[in-house]
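One chain, chain A, links the two complexes that follow: it is found with chain B in the first and with chain C in the second.
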Partner chain A sequence: MTALGGPKQTAGVQPPTGMGLAISIILIIVALALAYFLVQMAGVIALVGIIIGGVLIAFGVHFVPVGGAPAAMGQSPGIATGVAMLAAGAGLAGLFGGAWAAPFGFGVALAGGAIGGGLLMAITCTMVNVIYIFGMGIPAASGKVEKDPITGDTFPEYKSQGTEGHGLPFISWVGGVVGGVLGGLGGTLIYLELVEVYQTQLSAILGATVDQIASVAISLAGIFAVGMFLMNAVLAAYNITGTIEGPHDPKFKRFPRAVIAAAVASAVAGIFAIGLLELVGVF
Partner chain B sequence: MSVKVEVGAGGIPHNRILIYGLVGSLILIYLTYLNTITGTQYFSFFGGLAAVAALLWGTDTIKHLCSYGLGTGVPSAGMIALGSGVIAALVGATTGIFAPIVTIIVAAIIGGVAGIMANHIVRMDIPVMIASLTELAIVGAMTVLGLAAMTAGTFQFLGLISGTIVILGFVVETYEASVIGGSIIAVIFMLGAIAIQHSFNACLGPGEKQDRTLMLAAECGFLSMIPIAIISFAFIAFLPALISLLVSVIGWFYTYMRYIELAKRDAYAWLDAQPILEPEGGA
Partner chain C sequence: MEEIVFGIGITALAGALATVAGAAEDVESDIGSQGDPNSQVQLAPQMGYIHRIFNKAVSGEPPAYGLWVALGAGLAWAFMTMQINPILAIVLGSALAVFVQGVYATTAYLGRTASLAKFGQPVYIDILKSMTTVTMAHAFVAIFTTVAMCYLMIVALGHPFPLPLLGIVWGIALGAAGSATGNPFYGKERQYQEQKFGAGVPISASGNIVRYAEAGQRNSLDNGFFSAKLGGPASGICFGLIVFFELWRTVVFEELNAWGPVIVGVVVILIFAIIDRYIEVWARKTFGPYTTSEEASS
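On to the complex of A and B.
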């Protein structure tokens, strides 16, 4: 059994500490300076892209309706698994879509990533509701709001006693798709920035053509994008602590904390990823 | 809706496991360097054993961290471990003979930043958070580096990105038939992630015993070694790969039997149930 529901379900949002904010600003500036020092302007552009990608991922995770173990028993709304798993599924589907579309240009690749992630979440959310409604026989009802902000459907009369709601209301469905789109977009952006850096550097270091080292560059950029994706998704999951219903959930307001954390974590991981090839052949 | 995570008391202190895991995996990874010194590939399997040592330590760290109740499930800790670890492992691999040491340093930086973000920006306020995420990043990095060294017979970056294939009797150097170029690194990533996140997730609850959880961690580690050993047939010579396979299968079988013994020891009662057989001729 997965442990869901942390010890601190305190009301309100605790703001980041002053020390934390100071460290964040210093780390981002140091990372940008290092990027300029290592790969000049191209490095700074790549790092900024990676930071934006990380922020998009962390922000997108907050849209995804995560129900956890209670949702598996029909006692809370959302998809019955953890934040990290869902975000990884949506983001990686987007990343694969984007990576496949990479040769067609920057814009097409980004769109491919966004559509890939959104499509996976749309299918997941639809099938979750099919199972809830036709398999478990429970209607969709949110426990956090009285009315669906989009359709205007009311929830209290459908909500079973002793539960926090159940099923996947339309607003959660929309949230899931938006989350998938943002996650796929962010993952693809990180991948595209890294693959560009590696293709120029690897062909120079190894004295090979871009075609010859393409597989290495793509593989490196892909695995780093996956790694950074998971780091950002887990930090966002820690911010949510457990379950969230979607953009209408009060916990959604916590997202600025995850955005700062993801920006710093992406900057630090990104600078190592960008500087990866600087040490090849030195030792 | 919250599920309390219960962990057993007693057993070996965490700090001792930390030292055993860190020093053990470092020494075992360096033993694969005997391949380079002696010009053979027979010592590749030490990389897998290094991963097992790191996984044992990582499981105890996850137990330590998750006893505070993260609210996001145990697997998220494994995902952030491997996510930050894979970046550190590949950055470390570019530094030749210093690879394992640089890997540990880089992983500690990335993990430490993730920990500071989790505690001071996302405000998890968990006392062991920074130390645990630092440890987990090192564990993830050592796991990836160990398994990569087992596959390719070396932990050096150029060895990981270049391989040879035989076309019509000619041996051709190519970047595509390599651990990174062939995206084997993604398989290693997932095998490590599954191994690290499973054991505590499976064993947590009342009556959790440290020796049983760690035995399951070792079992998961050896289980991940088996596919890596099979993959390594493509990269290293037949006999060394066979030795790797034998070591993994024997290790897995031993730890599996020990784990079943320990599970029976801790169980209230157990029934050696037989499969239900359909009666002959129908009922």
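On to the complex of A and C.
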């Protein structure tokens, strides 16, 4: 029901428009062409990695059960904090692990990043239930579904009156861990792609060995990875609008729009990250 | 072997520092009503409930602590490059970061409370004087311990990130862990202490926060005292476990095999899944379903 004109709203799920898709594809192609122009094939590969990383982050944020302010009063299920903030916490912890494991190879670093993010979410989600159950005496109950899709637990009788549910049912716990894993994976992928580009560019510009410029390359790649993580997490949070219970929440179906937006945003931001040192080299 | 034993010692120390940081962070944010429970402190005067609760929500806890810890770490790093002793540099960096926190807290309280003038909510200068310094003291503990933990990760464990970047990463993670674990305890158990135990706050009761204490009006120091009993320590355990397991799986198992930390990480996640499921089932059996609507109502 709206006083405004415009297309009919369909339960919050708004598929991407044709115009939006066309502009997105054009922007991504332009970014890839620029990457080729600036750093040749290595730039294209790095940008593709950054786009995939951004998409993984935005998709992963939709899994994280976030209840916001109502969850802090036991009025709705989820973790009592903001969507982007919690996802950033998990993803950056993953980035920490991934960067540490980078010398052992691409696969180990990616897996280390993914598990780092998942570990933070596993511990946080468990402690949320510990506080709800042992601190507040409130069992977990979803407000969006009648039964837990994994355990088969029923929720209506465990939902206190006047609330939309509370705590973290097991499906939300699993969603949180999956979100953390995807976030950590995406953040680490962006970091690894950028660090490789910066190591090559910096050693060419400064005429130094990779070891000599490693700390600068790692710092730059780390800062850009953190920035791109926050950008994609906030984009996904705008798509979610407020709270989400996890993969069983109807809002989860909104993810295609966020994934497309994240791909475009990562491509545009990625071209600035990749082209940064080329510009410095010109001056 | 010696290296691993040294690494385990550093891991334990970092975990202990993180535990203190998590506890101090949650108590600091609860005294200032930062994080999600702030919505109720801001809402109460609009519903006619004038209160003396400190209201300094600068932003969500993760970005706020990302800023303060990164600032403390950056300044400490700058002092270290000036050949100042690392411990002194971390203390100085954290102290300067705390002044920024104090400025934010002051402007946030004045701005947020002044915006409620039309609902009759006064700006209490005595609250500003007495509460701000207490939140600053707690923030110092949280920032100092987190920066010290980040410094250990670089110097003793060889993490490649520079100190300010690790400050951002672990500052945001600290805020995320503290707000996720501590907010419900402050928001539901303290602000709505008059509501029945064992049930969520009915949406119709929103804004009706508890405003009176054993003697006189409740203030945020009482809330800090309450949070320090469970919400704070639980947040500390949460952040401490995160840091400990993140470091432990790498320090101990990386020497055995490059994939060792990944496999151990998966095992730890599965163990937490079992713990979570166990307490979820335990709660359903022990508390049972809500039998009648009257029992669960406000």
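We adopt the following convention: the second predicted complex is superposed on the first by the 271 of 283 C-alpha atoms of A that agree within 3 Å, B and C clash if a C-alpha of one lies under 4 Å from a C-alpha of the other, contacts with A are read in each partner's own complex, and residues count from 1 in each chain.
Keep this in mind: contacts are C-beta pairs under 8 Å (C-beta built on N, C-alpha and C of every residue); 3 or more make two chains touch, one makes a residue touch a chain.
Computed from a predicted model, the values in this text were never measured in an experiment.
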item: Superposed partners chain B and chain C on chain A - clash or fit; value: clash
item: Which of chain B and chain C A:Met41 touches, first, second, both or neither; value: neither
item: Partner chain in contact with A:Gly82 - chain B first, chain C second, else both or neither; value: both
item: First, second, both or neither for A:Thr241, with chain B first and chain C second; value: first
item: Contacts of A:Gly222 with chain B and chain C, given as first, second, both or neither; value: both
item: Partner chain in contact with A:Gly20 - chain B first, chain C second, else both or neither; value: first
item: Touching partner for A:Gly68 - first (chain B), second (chain C), both, neither; value: both
item: Where chain C runs into chain B (options 9-17, 117-125, 153-161 or 189-197); value: 117-125
item: Set of chain A residues, in rising order, touched by both chain B and chain C; value: 68-70, 75, 82, 85, 88, 164, 215, 219, 222-223, 226
item: Chain B residues touching chain A - in the complex, by the definition given at the top; value: 1-5, 66, 68-77, 79-80, 82-88, 90-91, 94-98, 106, 109-110, 113-114, 116-125, 157-158, 161, 174-176, 178, 180-183, 185-186, 189, 201, 204-205
item: For the chain A and chain C complex, residues of the former touching the latter; value: 68-75, 79-82, 85-86, 88-90, 92-93, 95-97, 99-102, 104-105, 108, 111-112, 115-116, 118-120, 122-140, 151, 153, 157-170, 173-174, 177, 214-215, 218-219, 222-223, 226
item: Contact footprint of chain B on chain A as seen in their complex; value: 1-9, 14-17, 19-21, 23-24, 27, 68-70, 75-76, 82-85, 88, 164, 206, 208, 212-213, 215-216, 219-220, 222-224, 226-231, 233-235, 237-243, 257-258, 260-261, 264-265, 268-269, 272-273, 275-277, 279-283
item: Touching residues on chain C, where the partner in the complex is chain A; value: 35-40, 60-63, 159-162, 165-166, 168-170, 172-173, 175-177, 179-189, 191-192, 197-206, 230-231, 234-235, 237-238, 241-242, 245-246, 249-250, 254, 258-259, 261-262, 265-266, 268-269, 272-273, 275-277, 279-280, 282-284, 287, 289-290, 293, 296-298
